[in-house]
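Here come two complexes built around chain A, the first alongside chain B, the second alongside chain C.
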Partner chain A sequence: MKARKLLSVSMAAAAALLTMSATAMAEEEPVTIKVFSNNPDRTADQGLVEQTIFDAYMEEHPNVTIEVEALDDEAYKTKFKAYAAGSEMPDLVSVWGQPGFIDEVIDAGVLAELNPEDFADYGFLEGSLDGFSGDGKLYGLARNTDVIVVYYNAKMFEDNGWEVPATYEEFLTLADTINEAGFIPVAMDGGDKWPLYIYLYDLMNKKDGTDLMQKTLDAIASGDYSDLAFIEAADMLREAAERGVFQIGFETTDYGTAQNLFTNGQAAMYYMGSWDMSMATNMDIPDEIRENIRCFNLPVNGENADPLALTAWNGGGYSVTENSANKEAALDLLKYMFLPENWTRIAWENGVCMSAQDFSQFATGNETEVQKQLMDMVAEATAISGTSIGDLGTSEYKTVCEDTVQQLAIGSITTEEFWAGLSALAGK
Partner chain B sequence: MEKKRHFTPGKIVMWIILAVFAVIQIFPLIWLVNHSLANNNEMFTSGILVMPETIRWDNYVTAFVDGHFLLYLRNSLLVNILAVVLVLLFSVMMAFACTRMHWKLSGVVMGLILMGMMIPIHATLLPNYIIYDKLRLTDTLWALLIPYVAFSLPQGLFLTSGFMRSIPKEIEEAAVIDGCGIYRVIGVIIFPMLKTSLVTVAIMTFLNNWNEFMMAMTYLSSPTWKTLPFSVLEFTGIYASNYAVQFAVMALTAAPMVIVYLCLSKYITEGVAMGAVKG
Partner chain C sequence: MQKAYSNKKIIFTLIAPGLLMFVFAILAPICLSVYYGFTDFSGLGAYQFIGFNNYKELFGDRNFWMSLRNSLLLAIGFICIQHPLAIITAALLDRMGKRAEGFFRTVYFLPNVISVAVIAYMWKFIYNPNFGLLNKMASALGFSGKTNWLGSGMAIWSVLIVLIWHGFGWGMLIYYTGIKNIDPVLYEAAAIDGADNKQTFLKITFPLMMPVIKINVTLAIISALKQMETVYLLTNGGPGNETQFLANYLYKQAFSSFRYGYGNSISVIFVIVCILATQVLNKIFPKEE
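Showing the complex of A and B:
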């Protein structure tokens, strides 16, 4: 009797268990997508945009949990190598569409191939995905369009009767005038070094804007930097630094300090990328400066010069990893992120940055002045430079380029020595 | 009359010099707290100290809430206390084995362990990661505890063994004659006599590991075991960072260390000096 009772109880329990598991199967299985990002600050700028999209995605897909691990650039790259060597690679990762980073990663088979047709109607700007491709295959999506510009303080210009320069000569003369008035002409982040090689590349681009990226790639491969535009650009960078266009000690000034020289009104201009348009919405910056931030494209004149050429590139982006345990889910998240009404709209409307997609469709007319200027610049551009010189070679090339361009700017090596140093790396 | 004799010119000069040194030593902390109460833009004004327009206590609120301060503090305390206990335990046992016991390879073993002081952390990051990955130890408490103990042990052994050599053997012999076993000799006789050197080892281990970030960043990925240095990272942007809040985080992070140091500082110099003489 007792045995029978026990049997019936256990059978009932088994039946109940079966029903429960069947119901669970009907619902979607829980998925955890691991994201490895280079945006540690989740409460501001691009990190906030990223997190906003992830939160929205989790709300729409209750079975999905997104775990974000974020480190800043250098730490990110170190950990990325560790992940690639181990077996726990996250599902969705930040990548840089530059040969110095992505070539090695693609060769190692870390990234999953994407189907370009999936993104055909996403409105990616022409050429923006080139850096994320290898052997004609697509491995990642670009996050931003970065344009290098000169920000200036319109009120300071007006009060002192200074005009936005139309030629490089005028730019240098303006710098002299600003120096005489006791201000810093251009705040330059020389401590991080890359803004210096971007300045150099900007000059190269405008001196002779035709197919600059290919010319630079060829020069890196052959070690032949005898192109006149290259040599002139290096001379011009050196001259600018010698003439006091940048603040004293620019080679040791870091990003935050350079930006703050401008936002505190100590510098009249500031040389930086379009992502810093977020200064115009940063409430920590005093009103009279924040409302007067404008920008212009560094003017360069000369025989082959192109005043409408833009020095712009698509640096950061995202990829799905090949060995991801949740490849399909990660791919779905990637597609969701880059729906134009997500990344592009949110980044643009909050004045954070310009995406690599067509952002003009989200223009509301309520943009800051600097946003409108940038939008016009991109619309009018006749030539886009693409990835700049330091990011076109290997990681070793990048290090040498960074160090020597800084030495060139402070005058401790000559133009010839600078190019010879890069030449020596050919074929490596 | 007698009181006056205390203020000789020499003493006054000494006091002035000491005061200057004290100010120099304490200044970074004042600077840290001062900047943590300004806004991000005010930090870059010229001048050493900032006069904030409004005192930004909210930096500390942000540091606490968005920086996951309490969770990371708990993790840091746990990892560090465990590391200190293990380092002390192993240091004393190893020092006893290498200085008091007679066996063939004692000198070689000690030399090998002390060589650990020369290994740079960076060189071990990737190999260790691969080992942890195979053992499924990444992102666990062990991933931090093992290297923290391993990297602190050579220094711990160096200080304790130096100090242990200065303890007369006769004390232990007397204890053994009175019927003490080996564990009792270590626990009841040696341990209390090593107090100064152990405090030094404890403080050094604690200070070194409290700020450690490279290993933590490589071996951990989820917030479960992340330590305090990650709190600073939460306010680092791609290009510009929220420096004011980072200063608040650093002030909060430094506080427990300053307290530990103040409580135990008188033992430090004593311990290092005594260990070094015979080391």
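Showing the complex of A and C:
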């Protein structure tokens, strides 16, 4: 009896050992997670943050290999579509929480549903995940809080006795003064077109920011763009371009060239998103410019204008794909990436961007001046615009919006023709 | 051997690889293109048949007609500017000494071996109104003001110059090879008869080059209609759609607007235009030279 008992105990112990070793073996099973990213530069900016997190994850999980394929936005979107049409979709992908991109991707069942409960403690800012949801289900996590601002060279301003404008009129007058001094007032990436419709949306937001995103969505659906703030904003964009606020040839200047005009001192200001706060920590930029980069919120005055309204949105993010061969592993990586001490902390501490999570907890007081200014702007904001006009419709709407806003800015079409062109897409 | 060639199975086996290649790489994609041209497919998810709606829209699409006009304009530029220059340069090269001939042949062909991306960005910088070479040179010569070379109204001409310049080397090299294949005895005979350079070119070189000219012009027209990479990188059809070309517009509709069905309807028209252009050329150039 004693011997049988001993045998049973021994067998149970052996079974337990076997189970444990099997579990350990299973844990050690090599896994390759394929990541498709829109951050091709892995040594700077958001690409660096991504890579730092991936490297740390692989160190903590020796059985995991993360293979990254990265392309620029436009090439990325094209290949994303090709992947989605095929059967070998990468496991973790960059996405944009904007209807023009994400709606049809969700409809096609490409993205895996996420459990919001898993991220309840992650400190995502209110509303930041709305764009990544469809029919009440969550399909992705937002990476950034993007704010559009006017960067300026504080030393150039000081040397020339220029003041940061408080009104739109002052802004235009300042541009005239800068032109007379032989500099470019605002470096504008008009070749990529989307900064132009963001400028337009910025003006629309500042003119009358009440519920702008819903107003714009309604206008896209109905084709009725007769709102006075819309019409005035389009006139203001055209006037700014005509008056020489942007460099000559802004309509064919690409992102890098526009940024270079500012960072090599040819332009006094640069209109771009908060993700370019990393200029202040970019050692490739000459000291006298890098250390003097500041920013302000484009001022717009008027009867209903709100000077503290911000044109901001949660654009880029990540999703796990529905047909991923390593769905659980990819989900685990996504959870790891967005632990506040990972994406938010690394991005903030390196001055790369403001995440869509509560980044204020990582403020050290050692931030760059631009970071501090952006933090203040977000803290003081009375209204946030949400996704910009070109990203609120379909892909076709976005393309037409891009082309026509560029034509509007260079004076090829009138304000009426611009809105009529968008109006013709109603219901499409 | 004779028996083997009359065996149908052997004949079929021999032509099968080529036939399969033609069916899967050319015929099937064209058929699929025609098929998708009748749908509203976005590239993802379900789609519906919409009959001739894409074609109806296409014929009223200003940007499509502008793209086609620009492509044809480029074809005319190739035929009227690039090729006459190429054939004259090839004839001149042929008359040069060995060293100079080799040197200039390499120089003229050089743009063709440089990547399209490099070419496009180089010209983008040359044309840049704020720091570009052209405006700097104009300024050094005493001209004031900044010309916006890629701006509205000027962009199409600036793009055409780049494309004509970029393709010049190929055309020149084919003509040069054609000239080299002309029997030198004819030139010797012409020289004995007292023909000058002009007469030699017009009476010997030019007529004997007709087959090469035909091929080169056909290639030029197809290349003009297919033009995509340089334009995409230089202006991406902008400002607005002023420098839009047929192939770039097709790409934009299919992969930026994600109107895959509409893009396919453009590609069908594209194929038809190419076939028509080839037919017109066959009429212009006699079959028997």
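Criterion: the second predicted complex is superposed on the first by the 401 of 428 C-alpha atoms of A that agree within 3 Å, B and C clash if a C-alpha of one lies under 4 Å from a C-alpha of the other, contacts with A are read in each partner's own complex, and residues count from 1 in each chain.
The rule we apply is simple: contacts are C-beta pairs under 8 Å (C-beta built on N, C-alpha and C of every residue); 3 or more make two chains touch, one makes a residue touch a chain.
Please read all numbers here as calculations on a predicted model, not as lab measurements.
Chemist: Just to be sure I read the superposition right, which of the two partners does A:S385 touch: chain B = first, chain C = second, or both, or neither?
Modeler: neither
Chemist: Which holds for A:T145: it touches chain B only (first), chain C only (second), both, or neither?
Modeler: Neither partner.
Chemist: For A:E74 in the superposed arrangement: first (chain B), second (chain C), both or neither?
Modeler: A:E74 contacts chain C only, not chain B.
Chemist: Looking at the overlay, what does A:A108 touch: chain B (first), chain C (second), both, or neither?
Modeler: Once the two structures are laid over each other on A, A:A108 reaches chain C alone.
Chemist: Using the superposition on chain A described above, determine whether A:D403 touches chain B (first), chain C (second), both, or neither.
Modeler: Second partner only.
Chemist: Quick one: classify A:L261 as touching chain B (first), chain C (second), both or neither.
Modeler: both
Chemist: Identify the partner contact of A:T252: answer first if only chain B is touched, second if only chain C is, both if each is, neither if none is.
Modeler: Only chain C; A:T252 stays clear of chain B.
Chemist: A:P286 contacts which: chain B (first), chain C (second), both, neither?
Modeler: Once the two structures are laid over each other on A, A:P286 reaches chain B alone.
Chemist: For A:G86, decide between first (touching chain B), second (touching chain C), both and neither.
Modeler: The answer is first: A:G86 touches chain B but not chain C.
Chemist: If you lay the two complexes on top of each other, which residues of chain A touch chain B in one and chain C in the other?
Modeler: Shared contact residues on chain A: 78, 81, 85, 257, 261.
Chemist: State the interface residues of chain B toward chain A in the complex, per the touch definition above.
Modeler: Within the complex, chain B contacts chain A at residues 39-41, 43-45, 66, 125-126, 129-130, 133-134, 138, 217-218, 221-222, 233-243.
Chemist: How about chain A: which of its residues touch chain B in the complex?
Modeler: So the residues of chain A in touch with chain B come to 34, 38-47, 67, 69-73, 75, 78-79, 81-82, 85-88, 90, 255-257, 259-261, 263-264, 275-276, 284-286, 316.
Chemist: State the interface residues of chain C toward chain A in the complex, per the touch definition above.
Modeler: Its residues touching chain A are 42-45, 124, 127-131, 146, 148-152, 155, 235-236, 238-242, 252, 255-259.
Chemist: Can you check the complex and tell me which residues of chain A touch chain C?
Modeler: Answer in residue numbers: 74, 77-78, 81, 84-85, 104-105, 107-108, 110, 184, 191, 193, 247-249, 251-254, 257, 261, 266, 394-396, 398-400, 403-404, 406-407, 410-413.
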